[in-house]
Amino acid sequence: MGKAVLGLFTYVDDMLAAADKLKKSGFSDVTIFSPIPLGHEIEHVLGERKNYVKYFTFLGGFTGFFVGTLLALGTAALYVLPRGGRAIFAVTPTVIISYETTILFGVFFTLMGFVLFAKLPSYKKKIYDPEVSIDSFGLLVDVSEADINDVTKTLKESGANEVKTVEEK
Amino acid sequence: MGKFLDKILERFKIYRIPGYYEKYDHKWTMVIDLDRCNGCEACVVACNAENNVPVVGKEECGNKRTLNWIRIERYVEGEYPNVKVKFIPIMCQHCGKAPCETACPVYATYHNQDGLNVQVYNRCVGTFTCATYCPYDVRRFNWFTYKRDEPLNQQLNPDVTVREMGVMEKCTFCIQRIRAAKDRAKDENRSIRDGEVQPACVQSCPTGAMTFGDMNDPDSKVFKLAKSQRKYKLLEELNADPSVIYLKRVMKDGSSATHEE
Amino acid sequence: MKKVILYIVVGVATFAIGYNVNAVYFSDRSPIQPIAFSHKIHAGDNNIPCMYCHIYADKSTVAGVPNVRKCIGCHKIIKQDAPEIQKLTDYWNRKEPIPWIKVHNLPDYVYFPHKRHVKAGVHCQTCHGDVAKMDVLTRVSSLKMGWCLDCHTNGAVAIIGREVKNGKDCWTCHK
Amino acid sequence: MAHQQHMKSDISYREVNEDVVRTMTKSGVGYYIALFLSIAGVVFLWWLPWAYQIYTGQGVTGLQTPVFWGIYLTNFIFWIGISHSGTLLSAILFITQTPWRRSIYRSAEAMTFFSVLTAAVFVFVHMGRPWNFYWTMPYPNQRQIWLNFQSPLMFDVFAISTYMTASMIFLYFGSIPDLAAVRDRVTGWRKELYGALSLGWRGTDAEWHWLNKAYTFFAVLIIPLAVSVHSIVSWDFALSKVPGLNKTIFAPYFVVGAIYSGSAGIVTLMVILRKTLRIEKYITTNHFDKLGMLLLVMSLLWSYINVLEVFTGWYADTSFENEALKYRMFTPPYSYMFWLMIFTNTLMPLLLIFRKLRASILISLIVSLGINVGMWIERYLIITTSLPRKFLPYMWHDYSPSLTEISMTIGSFSFFVMLFLLFIKLWPSVSIYEVKEDIGIPMKKEGH
Amino acid sequence: MLNRRDFLKLVGVGGAGAAAGFALGEKSKNPSAELIPYLVPPEDIIPGVANWYTSVCAQCSAGCGIIVRVMEGRAKKIEGNPLHPINKGKLCARGQASLQALYNPDRIKNPLKRKGERGKGEFQEITWEQGIAMLSENLSSLRNNKRETEKLYLLTSSIRGHLNSFLENFIKAYGSSNYLQYELFQHENLLLANNIAFGQDTLPYYDIENTKFLLSLGADFLNTWVSPVNYSQGYGHMRQGRPGIRGKVVQIEPRLSLTGANADEWVPIKPGTEGLLALGMAYAILEQGYYKGRDAQEWKNILNKYHPKDVAVLTEVDERRIRALAKEFAVNKPSLAIGGENVASYENGASQLIAVNILNHLAGNIGKNGGVISNPKGASLSNRRGAIKKITAFAKDASNGKIKTLILYNANPVFTTPKTMKIEDAINNIPFIVSLSGSMDESTAMADLILPTHTPLEDWGDDFAEPSVGYSIATVMQPAVSPVFNTRNAGDIFIDVAEKIGGAIKKEVPWNSFDAFLKDSWKKIYDKNKGIVIQETTFDEFWDNLLAKGWWRLPDISSLKPGHISTKGINVYLQKEPSKFDGDDKNYPFYLCLYPHSGYLDGRGANLPWLQEMPDPMTSVVWGVWVEMNPKTAQGMGIKNGDMVSVESPYGNINIPAYLYPGIRPDTVSIPIGQGHRLYGRYAADRGVNPIEILPFKVDPRSGAIPLNSTRVKITARRDAPGNMVKMEGSTREFGRKIVETVTPDEFSKMGMEG
């Protein structure tokens, strides 16, 4: 049940400056809300984020490939019905099935990765201001009771239109 | 689980190479001597009677939706008076490398242990792919539920199912007769004799143009006939490896048909 | 949203339950016959062999249901005053065949020769169950394709001591 | 500014939100009339005839021996083709960071999804026993029998279901932030709906980060998928032995054709959308200019392959090729269709060489409509002129579609329109956050 | 979490789901079927196992033996009887389709009495007792009043078995002599020609099997002519049955028939000059000295009018070709010339067929293997000699009111005679008409009383095949299935009638049923031949074996072996000029040649759906009729394939779709016979036209045959009517695809035995 301070900015550079400042003064728990993806602008301030999703994608593709191959070859072995004089275990058509399942599972796993990392869906009430889906950039700082004023001040100084103190549930 | 995998591996050994099907129990084959065939269409009616092929009526004939499993194609060469007419009965060729079999997504058509290309009507979902892939245009589709006027339905052969609307059907080489012959042979504890199985068309053919037998049996009549120099397979260049072997018609070229001394 | 999901889940679950209840408890497995014929009395208590009545079982695809004359042949003497036998006599007197309801009904596209199975050494009881204990004949097998395949793959070894040749070939059983 | 401007730069962020929400909440009588008509079209032109067909049998179509494929398959390929550019364009342009994609890709992706859906329905329309459709799905069953994974149709099943799933996820994914934005600005049932749909999106830096990464991977996965889908669809034909169908060029031909028709589809759609939704601000002539260039390139590519097909056929000079080509090019009524197709797909797009014409919305509309008609004809011709000229001349029979088939074809367009009409009301049809990106990041100091 | 309302909703959803699931479960159950046991099991029947019964095919006059596959009392399939010497296990399309005659939905199911006006087709069902009573009352009144027994006419189709002698017996006993048999194709001219040439009016056995050179003049022997199954077998053997030897076939006819299509050469001769060509060839043979007989010079004198040069002009066949054919015919021994239906159907058909006989004689083919082998006379019990001559008399009698009662049995003269003969009006004059027929054909529809008869598959009977295969054959017909409808055997009807009339007639017909009579007749044969050719010790054993085998070789009554045609008097019968065609060639530019359709023959097969749907071998047309025209001619007139044209003879016109047929002379058009039924069941009625209608009423004075090729016609395109021809072919050309591959005879002979 900590407290947090949310500052709403009009300009990104203001917000980033504020974030930078806060970070430097030791507030590590900084969340930025924005209506658009900010990408590398944020990375300057908050540091680079690792891309774990790609492992999921890879794993998914890998799994998919095997599932597809197993499905195509394995089920052919379960009920042997020769067709077209071709080998029951034919590689060429299996590749196509595996290809598709590779992608399918890749997509699924990527989705899983996203869901896992972005912690979505989450319908719990969280700190949020609808303005950030329009044109405000929010800066949320977890603070202890003592630092509220400091942070508020810093934010205001950096150009925030509005600063509120909110309680985290 | 281990046993299961062993089984799969064992199958893998057998079926990984194409050509395994050549080791089958039988390889039913038909030899059609085009020099004997006179195009009389007795085979067509025989097939209709044996295989419960419905009559579709004039309008549907006009829509080219007859369901005859065998047809006699007629080709004309030359102009009057040097006209040459050639007949060829065409039914399912029971291809060893059948294009239709690979096309079916649900295994409704496949190659069985007798070297037959068989159609499992009840499995068919009607994607039409097999018929489109068939180079010989021998597959027939049940466009409707065909009614047989009472009491014509009393003629229906109980050994052959009446196909439902929406399924593909085709010549089976009268598989019910093969089955009956096998049944007899099993009762008598012997193998099937050559000539014991005769599909309806072969049985009826007045000129004896058609011969049916097991190609895996070197003493069979078809085996001997297939050694003829006149043998050819229809559209052989497509490499579908048909089980129907045609013997070429002996005929003068269309151009020199009349005036020779 | 949650409620909708709940409704869907409940709906699907009850659907499945309904389907299965019907399949299991209201099955067509033991229909009511025009005459309450008891296999228990005939095959069980009196030890009449199956093929005494079902005479075609080793000759034809069908096992054959006994003709009315055969029934009356015995029942002219035996228990002729029992009410069910009266029904039989009535049919015979009216020269009407008895409209039995099929318990083991296979679709038209299935080729099932009793003959081959009997000759291979499959006992009647393997598929028809212990008929000798049934007062009302009940179908004990599903008669579904998977059930057939159980024997036609590996199960046959236990029953007839060998595997079925081409047992999984579609056209072994389909027509 | 780092990139070229594609719309008026004086649009504010708030205006974007308002505009998009307006398209979703405010609808005139015209909309409801259109919706009603399209639903009526679906019911009366598609579903009722379909029910009739299922009840009576495939005999109600014009199909016959040996032309077992007709308009249904034409529609199937056509809709799959239309689907192509949505996702493919969106994904390719996303990866190459092309900015003009941003205001059009959402509807393009929706178009993809809906047309794949329409196409998928045609698979079942085309089936002889559609009630057994589940036999084509791989699942363990009591019959112990699986599926023939060597069948091109099985490839189809996998490709199309994958494609449908992927494009649905792709569409949904890109929309999450927008759904959140809409959620914040609506009330009532909408609020609840978008609240659920937006998954609790808040727009935090972490969410944006993972969305971006995942989205990139979707894009990467979808490009080869889209290519494979239409290749596989082409293999339905190319894997047969039928002259006129058994062509190695078919896979690229179909892919190119798909992108071509899809792009044209986008152009048509954009013209209609920008007018009806009054979003001219976001979709400008600049977009049409760019799409026009794309159309031009695809047109040339398509024509090239088309010429190749005829040319190799002609040069091979086998009876099989010759008769199929002769039938297609010189036998009425197919010859009319063929030359119409050449006109609409090869000649007319040449207009787009000129920048002025490219920027003209009317010209764009005409050309794109023409291309769509032409592409439909192309698919129709591929099927209906090859199958009637198979190997055995005795079995050469012509095909003409029946009323049921034509009605269902029109019905499928209704279906598509219906889905789209519902879409524009239920979904932000212009990507809010990407348009904002396009407007630029608000900075205090100019010249970032 | 859940309030009450939600809970109720949930219950509702659950209930609905369960109900739907239950309903689906109900739906997916097997439909319950009944299992009906036999009351008393029939002997020898195992359900699920087929029984085969021998019988005889009655679809044409060939008399092939058949076996009928019967399962659970229903006929499933007809095949040729493998033991039968005529068809040796084979059967043509018509024979196999006769199953549908048995199970035809349009069979007459009960005895019928005319209700409305005659010919309107309004009938009411009556019982057999009523029907028999009606007939016997009529017959007794005819007999009792003024003894008008001669005014009873019995007109049947061609019957050759014991039924024939039975009917003869009955009619005689009744006191009438008017029992006639009529069919369109009765080979009257051929019989006459053989009688004149060889002094024996039987159809010979053509040993096609062993011949090396077959010259067929208008004989479509592979399709419809006389005994097609037998000839087809011979043909197959002739072509490929003898290693190293392949017989050659030359077909001479104006319109390429199915046989012509299979021939090595086709000579498109001018219609009506075939006999001249034969005589020209005969002359060429004499000239070359191939004929070694002592009367060579006499023949030469007789035939010197037929110098190939002159014949060439008339026949429009090149002289060199005539000579080449003659040489081939004479050199390749054994050779065989057949004169077929097309030749017999000319006005002077008999003369032309005599010419063919002379040609055979001069080439030395008579009585030789591979040539013409005579059939012993007397095996046949047929009553048909000169029957067609009688039908004209019949028509005259009828219109003169000389007929009081007419009994028709399976005969359909209304359909098979030209309109100009006005037989319909003639029959309409008859006060009482009874038809014993299984189906409602045009003649039956005119009846006052219809007594439906069995089809051959339900019936007892027998048949004496003609032509046979060099010895006499009897084939028995036994009921393979119990009657499908309330029908009876024709013999049984007469027995019942005799019973009712009583008196002398009953004495002449003392049997209880026709099968008793049949068995009795066979008992006589058995008694006569017991120990000679019959090995069986008891009649029952013989009868059982007979039924099992299906046929029996009768002892030959005569063993005449004609080998010689005398030159004496033959002069009179020689063809002097091309056959005449009615209509002048200005107004009517085309010869009209009719031929029997391969499925319907003379129209009797038109009610069988299998035959209707069987593509015609030469045109692939189904469910209809067409006129064949040379494409060049048609092009000149702007007629396309399938266009409606009007075919007009001096005697009427018909509208018919055109089929452009490259195998026909430009000056000839051809129409198949068989369609154009007004009635005859749902499958036959109102399909196409009957070309016989526009023929002139002519009869060959000697044989009585109705010439089918006897008029010229005019063709005009009918732009107003849409063509309704349905053909199954796509293209008839191969486009170089080598679908039917061929080898030339030279290549083939090089292959030797391996070919």
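Going by the order they are written in, the chains are A, B, C, D and E; count residues from 1 in each one.
The criterion applied here is as follows: a contact is a pair of C-beta atoms (placed from the backbone, for glycine too) under 8 Å apart; a residue touches a chain by one contact, two chains touch by 3 or more.
All of these numbers come straight from a predicted model, not from anything done at the bench.
> If you walk from chain to touching chain, how few steps can bring you from chain C to chain D?
1
> Which chains lie in contact with each of chain A and chain C?
Looking at chain C and chain A together, the chains touching each of them are B, D.
> Both chain D and chain E are touched by which chains?
Touches both chain D and chain E: B, C.
> Compute the centre of every chain as the mean of its C-alpha atoms, then state which one is farthest from the centre of chain C.
A
> Pick the pair with more C-beta contacts: B-E or A-B?
When the contacts at B-E and A-B are counted, B-E has more.
> Which chain has its Cα centroid closest to the overall Cα centroid?
Measuring from the global C-alpha mean, the nearest chain centre belongs to B.
> Which chain has its C-alpha centre farthest away from the C-alpha centre of chain B?
Relative to chain B, the chain with the farthest C-alpha centre is A.
> Taking each chain's centre as its mean C-alpha position, how far apart are chain B and chain D in Å?
Inter-chain centre distance comes to 42 Å.
> Just the number, please: Cα centre separation of chain B and chain C in whole Å.
Computed value for the inter-centroid distance: 36 Å.
> Suppose each chain is reduced to the average of its Cα coordinates; what separation in Å results between chain A and chain D?
29
> Could you work out how far the Cα centre of chain A sits from that of chain E, in whole Å?
The answer is 87 Å.
> Two-or-more-chain contact residues of chain B, please, as numbers and ranges.
Those would be 64, 66, 71, 73-75, 99, 102, 104, 107, 110, 123, 235.
> Mind pulling the residue numbers of chain A that touch at least two other chains?
Answer for chain A, listing residues that touch two or more other chains: 76, 78-81, 83-84, 86.
> Which chain E residues sit where two or more other chains touch them?
Each of 48, 729, 732-734, 739 in chain E touches at least two other chains.
> According to the definition already given, which pairs of chains are in contact?
Applying the touch rule to all chain pairs gives A-B, A-C, A-D, B-C, B-D, B-E, C-D, C-E, D-E.
> What part of chain B is in contact with chain C in the complex they form?
25, 107, 110, 112-113, 116, 118, 120-123, 159-162, 175-176, 179, 183, 186-187
> Touching residues of chain B toward chain E in the complex: what are they?
Counting only chain B, the residues touching chain E are 33-36, 38-42, 44-46, 48-50, 55-58, 61-62, 64, 66, 68, 71-81, 83, 85-88, 149-158, 200, 203-209, 227-230, 232, 234-235, 246-253, 257-261.
> Would you mind writing out the residues of chain B in touch with chain D in their complex?
Chain B reaches chain D through residues 60, 63-66, 71, 73-75, 90, 99, 102-107, 110, 123-129, 131-137, 139-145, 164-168, 235, 238, 240.
> Over in the complex, which chain D residues touch chain A? Could you list them?
Checking each residue of chain D against chain A gives 12-14, 17, 138, 144-151, 154-155, 158-159, 161-162, 165-166, 169, 173, 176-177, 180-181, 183-185, 195-196, 199-214, 217-218, 221-222, 224-225, 228, 232, 432-434, 436-437, 441-445, 448.
> Considering only the defined contacts, which chain B positions touch chain A in the complex?
7-8, 11-12, 15-21, 95-102, 104, 107, 109-111, 241
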